[in-house]
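Look for chain A in each of the two complexes below; its partner is chain B in the first and chain C in the second.
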Partner chain A sequence: MSKLLEIEQFTLHYPGRGALLSDVSLHVDDGEAVALVGESGSGKSLTTRAALGLFPEFSRLSGSVKVRGLDTTSAPAAKLLELRRNHASMIFQDPRAGINPVRTVGDFLTETLVRWRGLSREEAYARAVTQLDQVGLRRTKDLMRQYPHQLSGGMLQRVMIAGALLDSPELLLCDEPTTALDVTTQAGIVELLREQQQARGMGMLFITHDLNLAASLCDRVYVLRKGEVVEHGGAREVFMSPRADYTRQLVGATPRIEIDKVPAAPAADGTVPLLAVKSLCKRYELPSGEELTALNDATFSLAPGGSLGVVGESGSGKSTLARMIVALETADEGELAINGRVRAPRPLRAAERKQLAKDVQIVFQDPYLSLDPRIVVGKAVADVFRLHQGKGRAEAVKSAGELLDRVGIGPERFDAKPRALSGGQRQRVAIAKALAARPKLLVLDEATSALDVSVQAQVLELVEELREQLGLTLLFVTHDLAVVSRLCAELLVLQHGRIVEQGSTSKILSAPTNDYTRTLIDSRPRALWEEQLA
Partner chain B sequence: MAVTELAAPSVPPTPGTKKGPAASLMVLALRKVGTLLITLFFASLIVFFSRFVLPGDPARFLLRGRSPKPEALVEITKQFGLDRPPIEQYLTWVGGILHGDWGRSLTYRQSVSDVLLNRLPVTLELAVLAAVFITVLGLVAGILASLNKGGWDRFILITVTAAGAIPPFVAAIALTALFAVQLGWFPSFGSGDEGLGRLWHLTLPALALGLTFIAFMARVTRSSMNEQLSREHVEVATSRGLKRSSVVFRHVLRNALGPILTVSGVLIAGLLVSSAIVEQTFGLAGIGQLLVQSIDRLDFAVVQAIVMIVVTAFVLANTIVDLIQPLIDPRIAAGTESR
Partner chain C sequence: MTLTGTIPLLRTRSYGSLLSGTGWLAAAVTLVVVLLSVLAPVLAPYDPDFVDLSSVLGAPSGAHWLGTDALGRDLFSRLMYGGRTSLMGPLIVVVASTALGLLLGLATGWTDGWMSRILNRIFDLLFAFPALLLSMLAIAIFGKGLMAPILAMTISYVPYVARLTQQLVVAERARPYVQAYRVLGFRTPWVVLGRVMPNLVPTIGAQSTLNFGYVLADLAALSFIGLGIQPPTSDWGAMIEEARGALLGGHVLPGLLPALVVVLIVVSINVIGEELSDRIGGKLS
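Our next item is the complex of A and B:
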């Protein structure tokens, strides 16, 4: 029997953008789990899609991509249909985008069965329900009638997996199937994938940017950079003793929980805390009329020069907390004091807001959205200087230049619009904008989550450096415990709007007292070889 | 991401209970109908009182330039209720409409309802036939353009854009010259008898009327389809081994319907308004032609009635579109629709 997936010297040219993939060779055998690791733009999605004969329009191909001997680069449409129906299935990154939002879950699952497996509606329905049970979903009969927007991301990804498994594929292609999910949800999905892959003896090609995740699931790893395979080998070797420079850099940038490297908290000297929060509550009314408590009875304080990590999953209230601190939301109950001054429990007036902005600044998750696309970055930063420091135009431009230089944006980019910058550069600009107000407290709301690991490492380094030089107080909202362990002396764990644990980061990470905290820590992917040792 | 984080908990904790979505759909429908009534009320105010801003005394017009005795003028003014305060006139008018009485036409000397009932069928048939042309030709052109990138796409786009730039009266003349005079396939004048004859007579006018809108429809269909084609769920459907036709109909076209429907709602009003020109050109006795004549003769009762009918058709069409939208996209009913 021919090899399950064999890609040989596959090159993909796109007019105007050159070679997006060059000379990529890789193979996946039956029953084997292989990871394809790389950062955004490395071409890993293109490679996987090629296995299904999904190529970008107008692209030029050379080399071969063979699934069970069928070369998808030259196969006729009918053969490709046959391949997609019987041999290979794919699980996509974002189930919310990947499942048609206007059709029911049942429709999504049964359409292939009815359309071309020739099953009757009843048979297809029964098969789909069984499959949903198998991927660990409950109340599956109700689910069949529901629309995607009524399900959580984790449930939807299970639906997507069920859809892929329904066709009993020999090759399962996974395109970052857990990136859009929470850590604990991710752990469940990874477990499910591993279970199904082993039980069915499928070959699996798993794309991810997360080396930890790759190591927890796959025996072999290919590292892709700018469309080229720079290294491949056993997961353990690649991870422990990388040969290529790029891999070494990637491994180094991958965040890890290192308890001995947690920064120390400033000595308690009885000064007024910079941020003091007492019994803070925030409720939202849902369109259905129900009330949702986003944050419930939060009490904590943060000393000047301190650093606090706020950790939790989607919907835990961590972003709500961050937004309340910078007065984008108004608390329903409780007290919030900055520098000892209690904030009035109402939306702030313009002058008050400006006053607050001198002390507190925020950096948002997505630098693609948080910068005005029409304003060049030099001016964006200079404007903040003019607003908050009352500087003249020339002076503001000069200060902006110095600050941008300091965050690693050279003078040649001052006149660039945000779209000309990479994600990491944009986030640096966003940080510079926040710092231009000379704040005492910097709130980072998932500020590195949208970035590649190596870029994330650079941005974290920058934040660390700035904290030391400027004596900034940090409040870092994130879902990633490893990031917190590197940056924050204190930690606050949120679940369903409640603080379930708070205290020193090293203590919580080494000896968590709360079940949920423990689950969070255990949900971090562990390499296969570590698991075998344990 | 903040948005999705807030939206995540809004997933009903006990799915499967039918009450939630159905109830919110009812609320949505009631709200839409309420908006409809309020809009119609304000429209009626504007339609009625705009007469008082227009120059010319309708009573004088009735006498056709004869210099009337002042008593006669007073008599006529009184007969049509023109001497009463505007508010009172308005209330009488609205009250009449609610009872199906649109007042009396000054020129025809019969009730407005009778005048309109004679004319309305032609216009409606014309509009419906034009709507059929728009839907069929516009959708087909849009779908073909969106599915055949490159040459065909450009050809269709250029053709419909050029065709859409032709004003209806020019289109009417051109169509008549070609199909009626040169080829003699279709009649150039009149609305014909009932049934097939009517259809035959209305084909050219309907085409002339619909031409602009066909282009519009084609462009909306094309861009709406293109937007859906680039969506990930379409790629997922393809990756699961569905045939191209299944993917296009079940996932692309189905999801592209929203914008297409919204545009259709706006088109209806446009059709009724543009029909005036086309009716004039083809000598059809419809309400468009009647509107032009009545404005000319200051027959305000008829003008007001026709404008009210057009406005009502417009608002009603848009309300119906709004009510259908949640059926097409269940996220609208849940209020969680996000792009």
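Our next item is the complex of A and C:
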């Protein structure tokens, strides 16, 4: 039998953009799990889609992409359809984008069985239910009648996997199937994929930007950069002793929990805490009329010069907390004091807001959205200097230049609009803008999670540097324990709006007392070889 | 909760040009018509109101390029002068309704108090009124001429601009960059007028371009039924009306030419407006 997936010297040219993939060769055998690792724009998705015969319009192809001997670059449409129906399935990053929101899970799963495999409705229904059981879902008969919006992201991704497995594919293509999910959910999905892949002897091509994840699931790895395979081999060899510079850089940039590198907390000397939060509550009314408690009875404080990590999964209330600290949300109950000044429990007036801005600033998650698209970066920062330092135009521009230079944006970029900058550069500008108000406390709301690992490492380095130079106090909101271990002396774990554990970072990470904290730590993907050792 | 956007399957991007070939043609037609109208006093071969009973309903000739009407007036000159009134009306309406609609839209989109609720209900009410009907009402009150319909048209086009602005503002208000301005301590009026409004102008401008065509057609219709511009002032709508007698006598040109010009300019402006809002709308989303 011919090879399952064999890509040979595949090159894809796109008019105006040059070669998006050049000379890519890779193969996946039956029963083998292979990872394709790379940062955004490296061509991971293009490669996977090529295996299904999906190419961008107007692109020029050379080389071959063969699935069971069928070359998708030249195969007729009917053959490709046959391939997609019988041999290969794909799971996408965002399960919600891949399912029709107005049809039930049952419709989604049985449609192809009835239409293409000629099963009767009853047979199809039975098979779908069995499949749902197999992917670890419960109450499967009720589930068949439910609509996608009634399911959580993790459940929906399981449904999508069930849908992909129904066709009994020989090749399963996974395009970052867990990136949009929480770590604890991700751990379950990864477990499921591994189980199914081994039980069925499927070949799997798993795309990810997360080296740890790749190592936890796959035996072999291809590292892709700018459309070229820079390294490939056994997962352990590639990650433990990388040969290519780029792989080395990637491995070095991948955050790890390193307890001995946790920064020290400032000595407690009885000064007024910079941020003191007492029994803080925030509730939202849902459209259904129910009340959702986003944050419940949160109490903690942060000394000047300290650094606090706030960790939790989506819906834990961590962003709500960050937004309340910078007064984008108003607390329903409790007290929030900054620098000893208790905040009035109402939306702030303009003068109060300006005063607060000098104490606290925030950097948002997505630098593509947090900068005004029309304003050049030099002016964006200068505006803040004019507002807060009362400087004239020329002086403000000069100060802005100095600050931008300090965060690593050279003078040649001062006149650039945000869209001309890369993600990392934009986040640097966002940091400069926040720092221009000379805040004492900097809140980072998932400020590095939208960035590639290597860029994330650089931005984290910058934040560390700035903290030392300016004596900043940090509050870092994130889902990533490794990032916290590097930056924050203290840690606060949130679950469903409640603080379940707080204290020194090194203590919590080495000996968690709370079950949820333990689950969070254990859910981090571990390399296959480590697991075999343990 | 990492967000790494799905890698786009390379959408075909339009390079450079703001308009397509058809769009540029439409722009050229518009420009020619506008220039001929603006420069009418310099370029027009005759006084548009000069009556020459010796050459009534003349066919196109060397002396009169497009012929003459029932009173022997030069059609080409009348078309040029007619453009001055026919284009001026919509221009005033569009500028006024855009300015007013933008401000009201920003105010009602940004705040959520009783004022914006009342304004919103007034917009609903105005949407229910056809612009032409409101104009006739205004004419009944203020008398015939250009001012009453311009006023009425402005009022009835304000809600269109305001609603669009409102929707854009509500979306914009929730964007992180606007929240960043708030956290930085910038005052709301500065943020709204200085930063958010300029980001909306291209989209609103495209919508207003479309409105121009509709208003022009409406005003021409009012003139045609005798409620707009009064004779002898030349106006495309009024010219069509005056030519009805000639049409019955088999003379097509005096009625056909102004009608053609109206169609030409309305179509051209709609093409430009549609293309602009497609491009700009696409860029924003």
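We adopt the following convention: the second predicted complex is superposed on the first by the 534 of 534 C-alpha atoms of A that agree within 3 Å, B and C clash if a C-alpha of one lies under 4 Å from a C-alpha of the other, contacts with A are read in each partner's own complex, and residues count from 1 in each chain.
Note that in this section a contact is a pair of C-beta atoms (placed from the backbone, for glycine too) under 8 Å apart; a residue touches a chain by one contact, two chains touch by 3 or more.
These numbers come from a predicted model, not from an experiment.
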Touching partner for A:Leu81 - first (chain B), second (chain C), both, neither: first
Chain B versus chain C as contact partner of A:Glu191, first or second or both or neither: neither
Chain B versus chain C as contact partner of A:Arg115, first or second or both or neither: first
Which superposed partner A:Asp515 touches (first chain B, second chain C, both, neither): neither
Which of chain B and chain C A:Ala97 touches, first, second, both or neither: both
Partner chain in contact with A:Gln361 - chain B first, chain C second, else both or neither: second
Which superposed partner A:Glu461 touches (first chain B, second chain C, both, neither): neither
Touching partner for A:Glu530 - first (chain B), second (chain C), both, neither: neither
Partner chain(s) touched by A:Gly153 [first = chain B, second = chain C, both, neither]: first
Set of chain A residues, in rising order, touched by both chain B and chain C: 49, 54, 57, 92, 94, 97, 314, 364-366, 446, 449-450
Touch list for chain A against partner chain C, complex: 14, 16-17, 20, 40-41, 44-46, 49, 54, 56-59, 92-94, 97, 176, 179-180, 182, 209, 313-314, 326-328, 350, 353-358, 360-362, 364-366, 369-375, 383-384, 387-388, 430, 433-434, 437, 446, 449-450, 479-480
Chain A contact footprint on chain C (complex, rising order): 1-7, 9-10, 12-13, 15, 175-177, 179-188, 195, 198-199
Chain A contact footprint on chain B (complex, rising order): 1-2, 4-6, 8-12, 15-16, 20, 24, 149, 231-233, 235-244, 246, 250-251, 254-255, 328-331, 334-336
Sites on chain A touched by chain B in the complex: 49, 52, 54, 57, 77, 81-86, 89-90, 92, 94, 97-103, 111-112, 115-116, 139, 142-143, 145-147, 149-153, 160, 163-164, 167, 284, 286-288, 292, 294, 314-315, 319-320, 323, 364-366, 445-446, 449-450
